[in-house]
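Consider the two complexes below, in which chain A is the common component and chain B and chain C are the respective partners.
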Partner chain A sequence: MNFSDFSFWWVLLLISVPLFTVRYIGKYLNIWRDYFDSIGLMVLSLMLFVNASRSSFIIFAFEIILNYLMVRLMLRRRGWESQAIAAVVIGIDVAILAYFKYVNFFVEDVLGLFVGGVAESWQQRGGIPGAGAIPPGISFYTFQMVAFVVDSFKSKKKQPIGVVDYINFVSFFPQVVAGPIERRADLFPQIESFRFKFSAENFEDGLKWLSLGLFMKLVLADNLSPYINLQETGNVWLVWLSIYLFTLRIYFDFAGYSFIALGLAKFVGVQLTLNFIAPYTSPSIQEFWRRWHVTLSTWFRDYVFLPLMGAKKQWAAFYLFVTFTLSGFWHGAAWNFIIWGAYHGLLLLVLRYAGRPFYRFVGERLFMPQFLSWALTFGSVMLGCLFFMESDMTRLGQKLQTLVTPWAYSFSNLGEAMSSFSQNEGAVLVLILFLTTVELFLEHLAVWQKRTNEYDLLLSPWVTRVLLGLTILLAANTPSKFIYFEF
Partner chain B sequence: MWKPLKLASWIAVAGLAWSVGYLYNVRYGGELSWLRAMYERKVALASQIEAPHRLLITGGSGAHYTLNTKLMEQELGIPVFNMGLDGPIGLDVILPSVLSQVRRGDIVLLIPEYLLLLDEDGLGDRSGSFGMAIGQPGLGGIPPKQLALDAMMLGVPTLRGITKSSLEVMENGKMTGYYSDPVDERGDPTVTKERAGKWWQMTFQEPVSKHALQRIAKFRKEVEAKGATLVLSLPWVYANSSDEKTIRNVKKTAEELSKIAPLLYEKDSLNLKDDSSLFADTHYHLKPEARTIRAMELVQQLKPAIASQLTTPNSPTKVPQ
Partner chain C sequence: MQLQNSSSKPSEDLSKNHLQDDNMIVENSPAEAIQTWLVTKLSKQLSLNAKTIDVREPLTRYGLDSIDAVTLVGDLEDWLGCELPSTLLWDYPTIEKSAEYLVKEFDVSAAVSPVASSNVKDAGSDKTEKVEASSKSSGWGGLWNRISGS
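== the complex of A and B ==
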């Protein structure tokens, strides 16, 4: 769901008001049955999905029916039959994802490398129907469905699953389009025999996460967005500035989305998984990946890395590299995402083999080795963001060339970079960077204070209320799309 | 804290922030506040003109920034008032907002820029917010969803807006906006803005939209129901007058508009101007000397179109000071 699109809130309101009015009257007259709550949630989620994308809904509906029937069948069978059903349904799910997301890439970019003219003739023919236009949410709900099949296959209790419960599990409106990618063990028990749990505590908690998420998205990410200039390749300062701003934006954009989802889920009494845990406080890349897009990282760990590696633990490093490269490819069917995934895989390998000796060396000779570790980690993540944001390979090459050219770091270039902003633009940029710094500082402070939650300070009662006020006053009036909707 | 009070504090914070934003956006400082103030001043000035015939000129900023109404008044011998507003308000909102000022015997000259003529739904970025700012929410039949969004955004000043205004207060001691310069007693702007960017010639890929034609035809009926007369004019625009598609589309536009009401334009040029030196800051806004030329041209075109009204004896004219 696109939370920065007013349409989402409008439809939510239009469905919620009659639904909860009828529920209230029904409860008053004692004719409302508990399972009506599950049906109400299903209607709400599906209507919101239809509103988000009709074309994607058709594919989604097909996959729900297919997955539900196959899982039901799988739970009734044993041994190889059960395994075969799981393999078939996962194969179909992945094939559907691949059709929409990767066919064009394979034909144009991979096959095109070896066979001349393929890309051009493919483009002229217009490809195959639907390919290239990624239906919103397909990457996320496919992963959730696949995980459900695997978890159900491994589950010791082979109890039948209710169709409404299954639909609610895969289509739960706060998280269906961009995660968190929920697992059966975490979300399904909450969804099974679902009841709306409206309480003051849930509303208070929900509002706290909602205001933090809205502030991150509408104030920080959306106000940073216009300053990210992808076209600039010559001025090294502007290239770095865009990389830095993108590094901030992607975090505030996606964490903002996840926290809004968390807040909305809390309103109805559901606890979603925390998808971001202050990733920019990480002193190592390893820790960064424990804090960044947690549900995707654990998904790749459990359903790609561990099955790939199997018992060959001596090859763990290699499979880690492969898994990260695949994770990059999941983000987008383009070379830059593959490079980004491989880059992070490589960083983990470097850390694995050189991290401890390096840290010991630094610890003996330098002051504040922890700060250096953090700075190196943040710098590495920033450089990775260059690969993530730049899909034009020619431009990516030019930017890399500029970044490694020593004389590009001249004062004249710095002056030129600074004069490229008007007074008003410069002032807005300074203000927005100040706000991002304060936000990140409060995350760091919570980590240093070893609080139970890294967002503890930002979620304190008065800070969240101030954030809500600031969101109303400072939100950008032209919200940009969530970056992760493109994946 | 007592639970209901805890939840009420959220509403209080949101309400306070929204109210501050509303005051900024609608009452003082934001772009909309200047537009609202300009509209209200124009309405107040126009209503003070007492005469059996008035020429009310309306449209977007392509009417507001393009005329010399004093000269027109001298030449025509009837009071002339510039009710031009702002294109992004949208045709569907501009027309009813002006209609309320129309009186029996008036001549209403509509000069819609192509932004308004080509628009498919008659609504612009400021349609809902303008209607609400002038105390007429829903003016122009804005869909409820859009109206709800616009109402919500009335209380959102944005970081950009607040920063701009803060810098202005620090530097000049006051806030300004595009429409903050005062208008004279005939509704004409008193300040000419200069263009900072490079010029490029407009082209038009489509003729007038079906919606615009229907809305203008309806406006004619509404104007005539009040005992007034509607006259139309193509705007002067800095455009590529050698582009065949543009010429074809403007001709088609002229042909369709002239079926609704008398249409004033220069037949050879179609009011497409190649000379950027005539224009101030946008493709429609004219420099003072060009406004004089435009005003004289309009007077010549208007005279035959409104000859019958001009022959009616005039009562004493009172132009507000």
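== the complex of A and C ==
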């Protein structure tokens, strides 16, 4: 769901008001049955999905029916039959995703490398039907459905699953389009026999996460967005500035989305998984990946890395690299995403096999402060963001060349970079960067204080109110689309 | 050793045990034995001083990566003689939490008995013997292990 789109909130209100009015009257007259709550949630989720994307909804509806019937059949069978059903349904899910997301890339960019003229003739013919634009949310709900099949297959309890419960599990409106990618063990028990749990505590908790999420998205991410200049390749300072701003933006954009989803779910009494755990406080890349987009990382770990590796633990390094590269490819059918994934995989391996001996050597002789570890980690993540944000391979090459040219770091280039902003633009940028610094500092502080929640300080009552006030005052006039909607 | 209720840092207590007698490690509970095993193993694997390892700190703080996580679980399986979830050190990201979970969910009494735990420091070298022992006791499974070379 596009939380920065007015129509989302409008449709939510339009359905919620009559739904909860009828529910209230029904409860008052004692004619409201508990299972009506599940049906109400289903209607709400599906209507919001239709509003978000009709084209994606058709595919979504087809996948829901297919997955539900197949899982139901799978749970009734044993042994190889059950395994075969699981394999078939996963195969179909992945094939649908691949069709919409990767066919054009394979024909134009992979096949086109070896066979001349293929890309041009493919583009002239317009590709295959429906493969031009990726239906919103397809990656996320496909991953959630695939995980459900695997978890149900492994589950010791082979109890039948209710159709309404299954629909609610995969279409739960706060998270269906961009995650968190919820797992059966975490979300399904909450969704099974769902009841709206409106309470003052849930409302307060929900409002806190909602305020933080809205502030991150509408104030920080959306106000940083106009300053990211993808065209600039010559001025090294502007290239670095864009990389830095993009690094901040992608976090605030996606964590903002996740926290809004978390807040909305809390309102109705559902606890979603925390998808970001202050990733920019990480003093190592390993820790960064345990804090960044947690549900996707664990999905790749459980359904790609561990099954691929199997018992061949001596090949763990190779499979780790493959998994990261595949994760990059999932983010987008383009070379830059593959490079980004491979870069992070390689980074982990280099740190392990070269960094550790080096650190031992240096650690024995020099003092290695925590700050330096953090700075190196953040710098590595920033460089990775260059590969993530730049889909034009020629421009990416030019930028890399600029970054490694020593004389590009001149004062004249710095002056030119500074004069490229008007006084007003500069003032706004400084203000937004100040707010991002304060936000990140509060995350760091919570980590240093070893609080149970890294966002504890940002969720304290008075900070929440300040964030809500700042969102009303400073929200960007033109909200940009959520970055992860493209994946 | 009262690890759970101790006011001092758990890792310090564990380290003291190691230092008191390098050949004999005595723990009061299975959870402490597993913690000691993990501290020893982690300190060897990451070339760290065992004294610096705090069992309540996330393992990533010591540089534990995914490869360490899966290999460490493999070694733990060999030592405890039971099949463990591959995601153990992700789901329970501190030594203290992992040990608590293992004691709660698995029968670890055989491996963490005083005799067994006295050999914690040789856990790695025990691996071959354990495989052989299990091969002998597992009949046709043992034959299969010999044929497959595992």
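One rule holds in what follows: the second predicted complex is superposed on the first by the 472 of 487 C-alpha atoms of A that agree within 3 Å, B and C clash if a C-alpha of one lies under 4 Å from a C-alpha of the other, contacts with A are read in each partner's own complex, and residues count from 1 in each chain.
By our rule, a contact is a pair of C-beta atoms (placed from the backbone, for glycine too) under 8 Å apart; a residue touches a chain by one contact, two chains touch by 3 or more.
Just so we're clear, the structure is a prediction, and the values are computed from it rather than from any experiment.
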Which partner chains sit in contact with A:A200 here, chain B, chain C, both or neither? Use first/second/both/neither.
first
Please indicate which partner A:I432 is in contact with in the superposed arrangement: first for chain B, second for chain C, both, or neither.
first
When the two structures are laid over each other on chain A, which of chain B and chain C touches more residues of chain A?
B
Does chain B (first) or chain C (second) touch A:F6, or do both, or does neither?
first
May I ask you to decide whether A:R465 touches chain B, chain C, both, or neither, giving the answer as first, second, both or neither?
first
With both complexes superposed on chain A, which partner does A:L248 reach: first (chain B), second (chain C), both or neither?
neither
For A:A475, decide between first (touching chain B), second (touching chain C), both and neither.
first
Residues of chain A at both interfaces, chain B in one complex, chain C in the other:
none
Using the touch rule from the top, collect the residues of chain B that touch chain A in their complex.
3-4, 6-7, 9-10, 13-14, 16-18, 20-21, 145, 148-149, 152-153, 155-160, 162-164, 166-167
If we count contacts the way the header does, which residues on chain C are in touch with chain A in the complex?
46-47, 58, 60-61, 63-67, 70-71, 74, 86-87, 90, 93
Touching chain B in the complex: which residues of chain A?
6-7, 10, 200-201, 203-204, 207, 219, 223, 423-424, 427-428, 431-432, 461, 465-466, 468-470, 472-477
What does chain A use to touch chain C in their complex?
283-284, 286-287, 290, 298, 301-302, 305-306, 309, 313, 316-317, 320, 348, 351-352, 356, 359-360
